[in-house]
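Can you read through this structure? Questions will come right after.
Per-chain numbering from 1; labels A, B, C and D assigned in written order.
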Amino acid sequence: MQESLAQISSGLAETASGFYSRGWMLGTSGNLSAVVNRKPLRLAMSPSGADKGALLAGQILLIDDQGRVVSEHRAKPSDESPLHIRIVKERGAGAVLHTHSTWSTMLSDIHAGAGGVAIEGYEMLKGLAGVKTHEYREWVPILENSQDMPALADAVGETLSQHKDSHAFLLRRHGLYAWGDDLIQAKRHVEILEFLLEVLGRRLLMTEDTN
Amino acid sequence: MQESLAQISSGLAETASGFYSRGWMLGTSGNLSAVVNRKPLRLAMSPSGADKGALLAGQILLIDDQGRVVSEHRAKPSDESPLHIRIVKERGAGAVLHTHSTWSTMLSDIHAGAGGVAIEGYEMLKGLAGVKTHEYREWVPILENSQDMPALADAVGETLSQHKDSHAFLLRRHGLYAWGDDLIQAKRHVEILEFLLEVLGRRLLMTEDTN
Amino acid sequence: MQESLAQISSGLAETASGFYSRGWMLGTSGNLSAVVNRKPLRLAMSPSGADKGALLAGQILLIDDQGRVVSEHRAKPSDESPLHIRIVKERGAGAVLHTHSTWSTMLSDIHAGAGGVAIEGYEMLKGLAGVKTHEYREWVPILENSQDMPALADAVGETLSQHKDSHAFLLRRHGLYAWGDDLIQAKRHVEILEFLLEVLGRRLLMTEDTN
Amino acid sequence: MQESLAQISSGLAETASGFYSRGWMLGTSGNLSAVVNRKPLRLAMSPSGADKGALLAGQILLIDDQGRVVSEHRAKPSDESPLHIRIVKERGAGAVLHTHSTWSTMLSDIHAGAGGVAIEGYEMLKGLAGVKTHEYREWVPILENSQDMPALADAVGETLSQHKDSHAFLLRRHGLYAWGDDLIQAKRHVEILEFLLEVLGRRLLMTEDTN
């Protein structure tokens, strides 16, 4: 398991560095996790408050299904660990990534009244697991932000069970959560959804569509 | 031929990495090819589903004119290989590059009703093969997106024969295809067209031009 | 003290390089400082007119509380050293960072009439020292720009005493000043505030919010 | 002179690479020069059609005041060499840099009717040689683009003599020319002006300034 943890931790650190460069994990924002073991659940999890542009694989914690650190680190896991654990359990995800981009922050607020944002008809959607055509409508639910993590985890659980086809959700004025069977898929999902949210956001600025 | 393939593959991988950094090949989107041999046709082609920020030269496949892998890889070539092959045949291109940028995605939709987007009067146009002055009008045709690759390849073929001067085309809500005599020229064409599509897109936002 | 200075200087140079890459310290703009000693005050300070993309740790000056160079450099410290010294004294800051981004430049002008810009309800605010929830309102005061450094330092002092909870201020059409207990925290604060100012700036462009 | 040329060429190649990364020299656009010798005039000049992201110091040509290559290269100098030579003569510049950014392309068109764009009241202006305060108005003249290089060089000469305080000019729908006493200053001027043109361009999008 330790070798596997080392590899997974390297992947998480590399992903963090790339997302930081794109401005999706500035100011220690965002967090990352990946499943190391299913039974009992062991999750490689980024520590709280780490600079994602300087995160080292050795800083990645191992936590259990209660969010307790089981590796020999003194650091705390991200406050949002309960959300990661819930997503892993509800979706059977192998990795969960949470980003804070300007576009996801804006769209999570602009579309909050509608309860989510629909992304439809784009080729990029085909990169989401199970989607075979651009003629597809992805619904990205938006949840109100909260600092009450158990309550927010329950809200996430409810949202996930109501929207079984959704590959991600937004927290209002907060950011994007996406996941995948493994880190490679989760990273792909984040890139696709951040790209498409930017497209939707920029389209909102175009008051005079020529079409 | 093998040495040549190695060099070409390195060039494709390097181009993929650069375009990924610019956000033009996120989420495994986009694909790249270059001619290794004309008769019989052998095309170096990016594999399906590869992370373009981590693509290695050794992952580049060799395919024939039917899109069959003739190198010793188990990976599949990009689903869009038929479009690459058609462009190579119709235009005598030595390399074909396909990007997914936010601006090309947006403009391919906004101008779809007009069947294309005209780019006129910009110095950057001079970088397109055969263009000697900025006083030039490039027509970038827009095709409806489709998952029916043989049909889409035929539509591409028809578009290419109707618009013999065009250096590229857009697939609606999908992205840009550009090509060139070799990879260097194809890369230059992509950079020029992505730049100019961004300029046109940003100009659409300016409701009050002062001129 | 010298070893500590070397470490601090490396940190400042690395921060400058990262901010330069993001376009926040172009054209030799911006400056950086960190406390090396409190009594007597010794501040590691970037030299005037240095290219922040090429700044070396060895170029970082040591200055006293009057802005005089006490290291063996011939270079001048940044003209804005008095502002850094004032912030260190008023806030007990361990590091002060000053950036010039397009968004902070624009918002410092657009909101100048209101005397500042309020940032409220965003999760990213939680990364500011002492902030525990997104349900928080950060007031970023805006000061008129001036070349009279003693007068501007006094205006900064007054602003800091009037707005004791503020983590940063803007100089009109000039840029952002943020600070922290140490360089790590100051860097985090800059990233958070530049991110949020970009969000607010882009929201201003959205004339038709759908919510 | 040869050692000096080697150093200057390295500086030009490094500058090209940095500007390419920022998207200011895409698609082989833009060109760079620096004075190696005054009498007789010898200019280090980028070759025509080079990829600025891959430009090597060894590719930099040495040309005379007629634009003839005097180094042992077979490559052609940039078509726009006459403009570089004219700027060097008229302004006594030690380096000339020409970029193609989206913002300078747009603003050179939007403000063409006014014959130029005024940039006033920004702190960043202080980075221009000889400017001591933000209370300054920089006039950036805009010239109509042309492929007739001798005529365009004459128009540049006339503009430079009419606007003796200007640090740069724009060619319409083409890009920015800036210069400096040496490459370091010219690079600083480009960064400052590209930054400020982006600020002005983004301000044009804000139809509802709150101030």
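The working rule: a contact is a pair of C-beta atoms (placed from the backbone, for glycine too) under 8 Å apart; a residue touches a chain by one contact, two chains touch by 3 or more.
As the structure is a computational prediction, the values presented were derived from the model and not from experiment.
Undergrad: On C-alpha atoms alone, could you tell me the rotation angle mapping subunit B onto subunit C? Nearest 5 degrees is fine.
TA: Copies differ by a rotation of 180 degrees.
Undergrad: So subunit A and subunit C: same face meeting same face, with over half the numbers shared, or different?
TA: Both copies touch with mostly different residues.
Undergrad: Please report how many Å separate the Cα centroid of subunit B from that of subunit C, as a whole number.
TA: So the centroids are 43 Å from each other.
Undergrad: Subunit C to subunit D: how many Å between their CA centres?
TA: 30
Undergrad: Which residues does subunit B have that touch at least 2 chains other than itself?
TA: Correct list: 205, 207.
Undergrad: Hey, how would you classify the chain contact layout here, line, ring, star, complete or other?
TA: Graph shape here is a ring: one loop, exactly two partners per chain.
Undergrad: If you go through all the chains, which pairs of them touch?
TA: Inter-chain contacts occur between A-B, A-C, B-D, C-D.
Undergrad: Residue numbers of subunit C touching subunit D in their complex, please.
TA: My answer: residues 23, 26-29, 51, 53, 100, 102, 105-106, 109-114, 145, 147, 171, 173-175, 201, 204-205, 207.
Undergrad: Taking the touch rule as given, give the residues of subunit A at its contact with subunit B in the complex, in rising order.
TA: 18, 22, 121-124, 127, 132-135, 184, 187-189, 191-192, 194-195, 198-199, 202-203, 205-211
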